[in-house]
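Next come two complexes built around chain A: one with chain B, the other with chain C.
This part shows the complex of A and B:
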């Protein structure tokens, strides 16, 4: 009898020991994984601090004129960000004008028209567009797309829209192939997969009951999309567009190849220009002098702030939609 | 035309346009791949994989660049993937509906879409400036920062899909939580985790911008991680912007190589995800 009692207490002690070790492991695992989760916050914080730290000398030296001045002269060390900011915004705007309607069309096709067996292949093919590295878009843009535009679309634009007073200024000048318009068009292709995939996902969240009710009272497919699907998913669609915009603003390599690198704001969209990211890619390793380097980092800081705001807005909208649909 | 006919016409026109939009999207994919193949196949010789990057006007290959890309991608994945998996584990297993998880998720999604050139600037500030020289380590760290958010996001998604019942069954048998996670959750979500890592590798193997001022470039064979190292994307950038025809041919060869690798990884990741035991 006493033999059994000792065995039980012996076993109890061993179990307690095991439980204690497991507890320690549990705590290590919890703290360890938590540490890496915190690390993500630290990275973003670190990026912001490093950029501000690097940009300060230039921002102190130039003050607000850094944002408003158009001059960019490494020799006299006089730097202003107006031309790159202008280029970044205009190329992204063109990208959105091209990308949004096409993405919307593709999303409608995939969710409403496509036979089920074709859904996956088409969806994957569009997603693969997002997989292609941006440098590939760049080299393709420089050697194939830009010469093609130079010989076809650009002369056409100059002869038609260029003749109209007012907006004609936007399409003035020789067809160079490279320039702001070309960069914008390539960005438009690059943001397609991002906007499409969000639109597709949010369109899929519309309850079938709503759509079927609309079909039931005799709506056409387009009327269902316009009057039921789109109002229901409005926030998500805008969120997806903002996400695409965030991508377009920060895209570097594809733009660097075809933008032409001119620090000048010309009225024409056919003229070469520059963007913040292209300026960084082209000049950063060649920059001599602290002020020059700091000005480039200040450019990067401005880009980061712009994309941060756009992406944060995009996320807020998508989160709001998610809460409402309860997924 | 009566109202009914007009509505039908509007409907047909717009749906045809959506069909055209899809055709346009697919056309770009075909156009880019077609160009890459026609320009790049000519450069796909054994030389490409056995010779160093040449000076202009002489024959050569991309061996040092391929080596550099593989090494930096490998280091970036080895550093970034565990960080992403563990952080994703915390969010999905320990902090699921907490405020903290929401914040981390939000910041992570911003990092996921933030311009990659900014990551390059960050690493330049914290590593290259401090050490006083460009290095493969700096390049690898810049890529690692890009790996983390991709892996974190897929890990968290995949672990959230593991049914709670599995965890509860294990816990009811007296299994400590860390073993529930490592032996139940990880095992159930394994395909998903692998998919995330593969997508991250695909993403960084084509990244150029963060390497421009971290790893820089190197014309010669270099295995020293403390010095500048050649890598495919930057070599493609430099060679294609040059006026030399033989450099441009090599750039096309490199471009085709990277694209094939990236697309194969992307497709393989999707195939593996479709084997997954937990379905979305």
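This part shows the complex of A and C:
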């Protein structure tokens, strides 16, 4: 009896020791992961502080006219960000208009309709698109895609849509090849893999039971996708779109090569323009003078704010969606 | 055992750093990077002094030398004398290049089209918009010029090439000077911006009726359709190393304090009007005279032995009389003890 008791207490002690060590490890693990999580916040905070600090001289000097003025003149040091902001938003919008439907189509095809043997090659091809460096897109855009557009799509647009009163203004002017539309199209191709792979992943999380019941009551594939798959996955879908949009807003090299780099807002989508990141890539290296440099940093700060607004809007949209459906 | 290894490693590090003590660091302009890199390689083979150059752009080069993180800065844009004195810097030209207008008009071959500075400025101001404009046609009586719109192409990135080009246009056109001005980036009245020489070349070469401007080396190596240009004496000249040399030789370097001189619109019958030098910036009072001396040795060696290499890469070496002037300037540079660092190149 006493023998058994000692053995038990012995075992207890050993177990307690083991538990203590586990406890210590657990704590180290918790502190460690917490540290990394906080580190992200610290880095982000540091970037914000550095951006504001760098941008302040320009923002103080120009005030609100920095956002509203279209002039970007390094000679007289008169800087306004309206043209780059416009270019950034419009190219990203075009990219989304093209990227979202195509990505949706690809993702639905892969998850719902694709014969199993084709799934892997298409999936891998999409992921490879994401692996192409953006400078390659830029060079391809400048030497191959833009000349192609110049001789095919752009004259067609000018002759057809360009003749329609109203929206015709968007497609006016000579076919230059490079310009806002070309930049938007290339961005559309570049965001494809990001949106597609997230859509595909979330579509695959839909429980087969739900889909099968829908098919069971006679739904077509389209009805299943629209009424079952999409509502079930919409948070992931919106997340994927936002990831793509974030990429489009900040893309630098590919855009710089094909947008034409003109600090002007012209009505036509075929005209050259510029974006915030293209302006930075173009001018940062040779910017002499404090106000010039500060204005460029202020551009970077504005891009940061735009991205923040986009993310906040997305979050807000999701919250409203959730409330409406009561999930 | 471990201790022994550590001692050995420490000794090796010491020895290593001893051997590498003579390392010069520089940063700045991208335009002269290929030739600086080539000179550095050849100089290291001869003298065992390594030169580490980062081509981060002229603006970056000026910033780096002012914060004293490098032994010399390099800029395509010369600093003004006041700015040099304020920072305690000396400045001297190292190597030259030319900027040439290139066009893309059907049936016009390299060197056939003649232009003047005023017309070039009018084109870039968006005032002359057709190739058969009377101003262009009267200069080129033998050529059949199409009634085609001129597509203006310029650099989109901040660049010394743009600076030299704009400086020339400002010298020949008061309107350009007043409306646009001179800088590494400009508010262009018209046209498309391409990134880098290759961007300008790509747009110009596939747009009918285009005109652009690129570095001479780039135009030559890619066999682009360059134009002739009237120089200050009214003479039509073609861009080549002779006409660049002529511009440099005829320039009045001796009376340009701080060598603050752009070689645009220089006198001389054969002078190409859009020529420019790229500059080196160093401190007048050197805290590390040994490194500064090594840097000057490198520049001296490059001046005297690097001409052929420069020409191979389509740069233009500085004329001998300018080199003499520059080496006189070097004698004013002093170490912490107030003694001059550079007495003559014979000391090498």
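Keep this in mind: the second predicted complex is superposed on the first by the 270 of 327 C-alpha atoms of A that agree within 3 Å, B and C clash if a C-alpha of one lies under 4 Å from a C-alpha of the other, contacts with A are read in each partner's own complex, and residues count from 1 in each chain.
Simple rule for what comes next: a residue touches a chain if its C-beta (ideal position, glycine included) is under 8 Å from a C-beta of that chain, and two chains touch if they have at least 3 such contacts.
Just so it is clear, the model here is predicted, and its values are computed rather than measured.
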item: Residue contacts on chain A - larger count, chain B or chain C; value: B
item: First (chain B), second (chain C), both or neither touched by A:74; value: second
item: Which superposed partner A:176 touches (first chain B, second chain C, both, neither); value: second
item: Partner chain(s) touched by A:143 [first = chain B, second = chain C, both, neither]; value: both
item: Chain B versus chain C as contact partner of A:285, first or second or both or neither; value: both
item: Touching partner for A:257 - first (chain B), second (chain C), both, neither; value: both
item: Where chain A meets both chain C and chain B, residue numbers; value: 142-143, 256-257, 281, 284-285
item: In the complex, chain B residues that touch chain A; value: 7-8, 10-11, 14-15, 17-22, 24-26, 28-29, 31-32, 35-36, 39, 83-84, 86-87, 89-91, 93-95, 100-101, 103-104, 106-111, 113-119, 121-122, 124-126, 145, 148-149, 152, 176-179, 181, 202, 205-209, 212-213, 216, 233, 236-237, 240-241, 248, 251-252, 255, 258-259, 262-263, 266-267, 270
item: Chain B-touching residues of chain A, taken from the complex the two chains share; value: 22-23, 25-26, 28-30, 32-34, 36-41, 43-44, 46-47, 50-51, 53-54, 101-106, 108-110, 113, 122, 124-129, 131-140, 142-144, 189, 192, 196, 220-223, 243, 246-247, 249-253, 256-257, 277, 280-281, 284-285, 297, 300, 303-304, 307-308, 311-312, 315, 319
item: Parts of chain A lying in touch with chain C, wherever the complex brings them together; value: 71-76, 142-143, 147, 150, 174, 176-178, 256-257, 260-263, 272, 274, 278, 281-288, 293
item: Residue ranges of chain C in contact with chain A within the complex; value: 30, 56-60, 62, 77, 149, 151, 156-160, 180-188, 191-195, 199, 202-203, 206-207
